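Going by the order they are written in, the chains are A, B, C and D; count residues from 1 in each one.
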Amino acid sequence: MAYIAKLGERNYTVEVEEVEKSIYRVSVDGSEFLLDGKKTGRTNYSLIVDNRSFEVDIDVSEDDYRVLVDGRNYHIHLLDERRMRLGGLQAGIELQGRQRVSVPMPGKVIAVLVSEGDKVERGQGLVIVEAMKMENEVRSPINGEVKEVKVKAGDSLEAGAALLVVE
Amino acid sequence: MFKRILIANRGEIAVRIIRACRELDIETVAIYSEADRDALHVKYADHAYLVGPAPSTESYLAIDRILDVVKKSGADAVHPGYGFLAENSDFARACRDNKIVFIGPSPEVIDQMGDKVKARAIMKEAGIPVVPGSEVLDSEEEVEKAADQIGYPFMLKAAAGGGGKGLRMVRSAREITPAYRAVRSEAASSFGDARLYLEKYLVHPRHIEVQILADQHGKVIHLYDRECSIQRRHQKIIEECLAPALDYKARRNIGRIAIQGARAVGYVGAGTLEFLLDREMNFYFLEMNTRLQVEHAVTERVVGIDMVKAQIEVAAGAYLPWKQRHISPTGHAIECRIYAEDPERDFMPCPGRIEGLRLPEGLGVRNDCGVYEGAEVPIHYDPMIAKLIIWGENRVEAILRMRRALREYQVRGIKTNIPFHQWILRHPRFMVGDFNTGFIDEEYGASGTEDVFPHKEIALASAAIAALHRERERAARILERGATETSRWRESARKTVLRTVGGERKRQ
Amino acid sequence: MFKRILIANRGEIAVRIIRACRELDIETVAIYSEADRDALHVKYADHAYLVGPAPSTESYLAIDRILDVVKKSGADAVHPGYGFLAENSDFARACRDNKIVFIGPSPEVIDQMGDKVKARAIMKEAGIPVVPGSEVLDSEEEVEKAADQIGYPFMLKAAAGGGGKGLRMVRSAREITPAYRAVRSEAASSFGDARLYLEKYLVHPRHIEVQILADQHGKVIHLYDRECSIQRRHQKIIEECLAPALDYKARRNIGRIAIQGARAVGYVGAGTLEFLLDREMNFYFLEMNTRLQVEHAVTERVVGIDMVKAQIEVAAGAYLPWKQRHISPTGHAIECRIYAEDPERDFMPCPGRIEGLRLPEGLGVRNDCGVYEGAEVPIHYDPMIAKLIIWGENRVEAILRMRRALREYQVRGIKTNIPFHQWILRHPRFMVGDFNTGFIDEEYGASGTEDVFPHKEIALASAAIAALHRERERAARILERGATETSRWRESARKTVLRTVGGERKRQ
Amino acid sequence: MAYIAKLGERNYTVEVEEVEKSIYRVSVDGSEFLLDGKKTGRTNYSLIVDNRSFEVDIDVSEDDYRVLVDGRNYHIHLLDERRMRLGGLQAGIELQGRQRVSVPMPGKVIAVLVSEGDKVERGQGLVIVEAMKMENEVRSPINGEVKEVKVKAGDSLEAGAALLVVE
């Protein structure tokens, strides 16, 4: 199986094949290694590569893999090559295009800090949302322009609700 | 001693109190909101009462409902934990009126310490240094006059304030007018008390506090100091005991001063005097918390006293069994508060279902955890889900052990600040103890998200293997279904054919 | 300091050593047998090497294979843990010959203490009381002669013995002949050494031991005593620090004596001198364990020293940083060993898959656990899967806390001795400290399995609800399958009909 | 649903019905109570009965339920009434009939202590088995007679292998 994985600012081609029971041949951007990988929990693995041992724990939601290795989180966006070719997608370019800004949890809009047409910078506050007894500033993921504002102060928000669109 | 204690709280602190009660052979009564039916504190308690809907104003803050449960359940005492009603004098008073023991100080003491201006005055009178500031100010002109005396920048604060609300920094005279209006209106709306005062602004002080224990018979001891300077959004996230900032002399001094302060208000129970420490090692009284603190566990580990049990015993009228000179701290303890939040998205809370949970274990590790694998972190309450308390023979060992433990910690399903704690614990300034309350603002923004990937290949391979397994499980499910379908399909097809054949025969 | 340590062990002790190394920033190398690929110690180590098939003679006891891995892995030291090769002088010698540091005493010391007769002689010479007994005896006649001196009953023991093997109690002269034959043949087959001696039989003594630490520069300190009288089949299951049996004077005395003994053999590292204590408070040297003990954790908690780190540092040549007078015990610690076994079936081992695991947490709780939810407990090794170590301000608090913790402990899929520990912790004789090595034989058989069901209705209702849910899940699976099958069935039937209809049409 | 449950030396009739979501009407030998029972894990429940709270953890294997309540294990053998009627079974009488004596784990027979025809008492040692590095004495579950001995010293045993039959 071949995947396109985005980690940090870069894309990688990752190929993986189970050559015998729980032994995998893995290639990352062409450099190959053998990996002894045992599943030790629902999303927990014990990996041994060249006698180096790793415990990894993986939190998956759709195509996002949060991989915990050695106390560090790796956020990986993974698409299988076939699906990418079919869909004509390019992994990892999202952050340069149209951004739908949302909040992961239900809450209440306290204030909207920008209007449609405003130029915003990456990290600039867009909306203040109250959730879990705290006020949270939702910031712009990119440098761009506010294309659409979907909420106003006082609105109640469902989890995942779109607040605005920045492009 | 009490027969049955109601715990007017939830989460890790409710579990922690239940544990203490169980070890004292006291029955526990949990209350829970509709969002908390499955919570750990409900599972661990001996009795459990639904107290209202999810919003805390209708459940954990609903004094009348809680009192009803106290009576129904036959509890003879109430432990308020921290937060919610822990510093609510109305609740303490209502308990007293109903002849129920409120495990905490008297409502009068809660009131005195809740009013920041009054608390400052009492401490000042008791000879305790307070941050230079004013009395209650009634107009912009009075603020200007006080500002001339104290100097800029200063903090304009609500007298009834707390929890990071109702305050503004004022850098120059022309900022007085807007700040005055803002604080006044926030104070009125948040605390129902528009009074305000000003306080000198200390540039990046360290936050030091002293733990006090006092019995009903006039004995007051301190259980040494803690440092809680690692904060974000005015909220402590890492606490230590003893405070690395203090030397032997300062430690003795601040302990003595804290006892003086507790005596001045006639304090009973466990309480904390908070101080700010400036660069010249001057300390100033900030406020007194008339309750158990989140961070009490670091003190427990270093002095070897179960503070919740001490609270309960003091409330039951017992004499404190310890003499000050018997309280000797051993080693060093650090606490990391584990929040359901996303440090990479500006610490946005992250409620949800905990799909996986593995706590760190071993020598020197204590987990105070309010959740379990499969539990929901509700959106209605504070996002702190657990505390990790580490002890070491000295501060260096404690830091190294904390790093080891954080590495073992696994939470799946929701995001947490564990990686953020790792970042702090690896920071050279934290390691040498060179920090103050501005540490996170100064350092975290600057270095930003670390894009360091030491085990890039392993992580990428893992994701790919997990994807492969997902794909396979999907295929297996389809196949399995297919197999039973096929056999059934064959059977049905065979029957149809037979029927058809039969039909044809008939027709022949 | 070492760069990389190989841990020649498995299970909880391997995990415990890995944790210490991680806190010292030393890389760890795990070895594993084919049965242990998924074991926790493999997951936690930095490096992992397969060392052989499941039987320990071919893996964890295979000196040559392990030495190969040491060389391949680039480890500069080996920690043997306890059990397996921990007291094997051949292994220690092989390490030395290969210029690898064996974390433990010299092979010479291991040999001296491994020979029970030699060990007794050395200790006796050093002025330490030993259980009255004989030299090596070469015939039945010599046994008879020695028996006349020492008196009946006595124990006939293999000189190279240990671990409850190669010994018989002799009550009268006519039992000498069969006992002599049995011990001689067991000694020859188990230890390859047929020599034997006799020792006075003490009736139900208490088991007391003293923890020793010694550096390479002649400094020897003791870390106080432990009591391990709660045993079944000569195997400790509950240990305490400090020993409840000792008073202040006896404690000081036994500590001093233990240091004397350690000096007499030129001991280096962590070691334990075991003593028997009779009813008149006389103690007698029993044997010396030249390694870390299972129960080292209770000492760690009470004296505040990480003993594995101390072992590693001493092995690296460091000076012990503690003076005897600085070692002051605080509070009381108790350890319960958690075994995969069935106390209701005569402690039969119970290997299998751990379907569910919840460890107790909170103040004063330490878990040293070698397994995880989903792990297999292999049949090839010792059935101890975890240790629960509890600290309290005093023994009573420790007992109450242990009960609280045991109640939180949940292991599903295999049986464990947790309920048995609960039974001991609730026993009045245990509570007042009135016990000896005969405790379990005397009390457990007598009271038998407790048929007390305080929450009978709840348990019955739970089982019925679980059965109901199982039934429903089964039904749901069938229904779900049925639904997809039905739609597919309809589809296939429709097609068959169409085909048939088509066929008929053609024919028409 | 009605069940016949054996606990200790007694049989109980347990009826359970879910009257609304996770609220159960339970009757034990005719005495009835309402139970608020939430599943909080695969086999873990939080139960509230008359505001008394219990956490129970259940280990199921076939018809045996090991229920952990308040730190105590309750071994319950449960059969649903319908199945019992169909099969003509009587729960909980097993220990008076023919007993197949087995070991739960693989091991090696060290010694057989009885012979066919021997009268044995409950608790008497029958066979010594070595497993997990320890010698274990397998004892008789009942007073009776050894009907059949299926192993001899030196035999290797699979998990669950029958050793002998006592009746």
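To be clear about the criterion, contacts are C-beta pairs under 8 Å (C-beta built on N, C-alpha and C of every residue); 3 or more make two chains touch, one makes a residue touch a chain.
Note that the structure is predicted; figures quoted are calculated from it, not measured.
C-beta contact counts were set side by side for A-C and C-D; C-D has more. The most distant chain from chain B is D, comparing centres defined as mean Cα coordinates. With each centre defined as the average position of its C-alpha atoms, the distance from chain A to chain C rounds to 45 Å. Per-chain Cα centroids separate chain C from chain D by 29 Å. Chain centres here are Cα averages; for chain A and chain D they lie 49 Å apart. Chain geometry summary: the mean Cα position of chain B and that of chain C are 38 Å apart.
Multi-chain contact residues of chain A (touching two or more other chains): 41.
For chain B, residues that reach two or more other chains under the stated contact definition are 44, 358, 372, 407. Considering their complex, residues 1, 3, 5, 7-9, 12, 14-16, 18, 24, 26, 28, 31, 33, 35, 37, 39, 41-45, 47, 49, 54, 56-60, 65-74, 76, 78, 80, 103-107, 131-134, 136-139, 159 of chain D touch chain C. Residues 30, 37-38, 42-49, 72-73, 372-375 of chain B touch chain D in their complex.
For chain D in complex with chain B, the residues that touch the partner chain are 38, 40-41, 46, 48, 51-53, 55. The touching residues of chain B, when paired with chain A in their complex, are 233, 342, 345-352, 355-356, 358, 379-383, 403, 406-407, 410, 412-413, 415, 418-419, 422, 451-471. By the touch criterion stated above, chain B contacts chain C in their complex at residues 15-16, 19-20, 22-25, 44, 297, 300, 304-306, 330-331, 358-359, 361-369, 372, 393, 397, 400-401, 404, 407-408, 481, 484-485, 488-489, 492-493, 496-497, 500, 504.
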